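Notes follow once the structure below has been shown.
In this document, chain identifiers A, B and C correspond to the written order of the chains, with residue numbering beginning at 1 in each.
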Amino acid sequence: MTAGMAAGRTTETIERAKQEGKKSLILVVSKGGADMAYPSLILATTARALGMEAHMYFTFWGMQLLTPEGRKKSMDVFPPEMQKAIAAKFPSVEQFMQQAKQAGVHIHACSPTMDMFGMTKQSLVNEVDDVIGASTYLELAARPDALTLVI
Amino acid sequence: MTAGMAAGRTTETIERAKQEGKKSLILVVSKGGADMAYPSLILATTARALGMEAHMYFTFWGMQLLTPEGRKKSMDVFPPEMQKAIAAKFPSVEQFMQQAKQAGVHIHACSPTMDMFGMTKQSLVNEVDDVIGASTYLELAARPDALTLVI
Amino acid sequence: MTAGMAAGRTTETIERAKQEGKKSLILVVSKGGADMAYPSLILATTARALGMEAHMYFTFWGMQLLTPEGRKKSMDVFPPEMQKAIAAKFPSVEQFMQQAKQAGVHIHACSPTMDMFGMTKQSLVNEVDDVIGASTYLELAARPDALTLVI
């Protein structure tokens, strides 16, 4: 898709969203590999570009993306030559997450996962907005205007 | 999240849900490991605590969680030391599924999967409410008040 | 589920969908194995049988299902004896995708993935309707009548 196409669609989509309802994207990121981090970050930043609210709720293996080491290791799901090809065209997962954050994407860490794996808030990357539980997640996801996806 | 926070949010969320729509959680559980069983069971029981209807539709690899052997083997996705850490803080998958059932979570087995893998109803755990197909699942998921997630 | 049950439910579900809203199924297929291709194709064709619009958006590893070689290799996730058992009861992934297409399922390829992996449109199977980006996908998924699932 070219930038021109995206821009054309943006106006139309914002208009539709305003009229018809789904104004926020609530992503559950449950996997720790960059193969699932990239699609999540592409969706979240695209949602922001379309004028939607965007939330990423990192849970279970996805919580590895919220630690400095885990975020780096996330590229290990790709063979070395593919890592190079991706690095030539896309920002790193760390850079992409920082860009998402700057674009207004909300980054939530999962408290039951931290409890299960014995993680501390201090071990998490700076991009994390808050630590929330399943109840708060469901509150977000149950909103009638929410588009909720588990990745 | 503390129990107090959860309780405070509960009232607010129930009020919202009553007014605005999404009153049921329809989970598709497509993976057989405990790493996806725990998040599913946490979400389903939290939904019940919030006053929502909750359905778990086990399909494909997820059907392994509905056999006594598969449910036990589901912990093999974790290394032994992590299994111990989880067992110290959380109920087993079997116990958790029984608690979910007692809390009113509906447990559905997938008929096309049983057909594909040659499984019989007799081989399934007692917690199963019924065996349904893609059509019945879509009927549940297409309800306007449904929050549908695939895990 | 017998064909009779499905037929009975079909009428009821179409009536409900007409009245209440969710009239289209938007599937994101993010995995390249036949273990996720079959559930996706079962859901998409069932949605069509129920009178719903159906879209499959193949992204990331799922794009492998849109190349002739990848589609064949997708069965490698199963051990040989399971491959035989499935082949005895179900169409191949290729045949199933052709049937889905004939039933009116829309097949979308993901442009950021093609960019990331250096894929060309010429390398894709004939069943592909178009190549779209995250923005167009979100436009589909944000429709109030859309049931959106990531598989």
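The rule is simple: a residue touches a chain if its C-beta (ideal position, glycine included) is under 8 Å from a C-beta of that chain, and two chains touch if they have at least 3 such contacts.
Computed from a prediction, not measured in an experiment: that's the story for all the values here.
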item: Labels of chains that are neighbours to chain A and to chain B; value: C
item: Copies chain B and chain C - rotation angle from C-alpha fit, nearest 5 degrees; value: 120
item: Same-site or different-site touching of chain A by its copy chain C, using the half cut; value: different
item: Centroid spacing, where centroids are CA-atom means, of chain A and chain C in whole angstrom; value: 24
item: Residues within chain A bordering two or more other chains; value: 150
item: Touching residues (chain side chain C, partner chain B) in the complex; value: 1, 5-6, 9-10, 12-13, 16-17, 20-22, 25, 35-36, 38-39, 42-43, 46-47, 49-50, 52, 82, 85-86, 89-90, 147, 149-151
item: Of chain B, residues touching chain C in the complex; value: 28, 30, 59-61, 111-112, 115-118, 131-139, 141-144, 148, 150
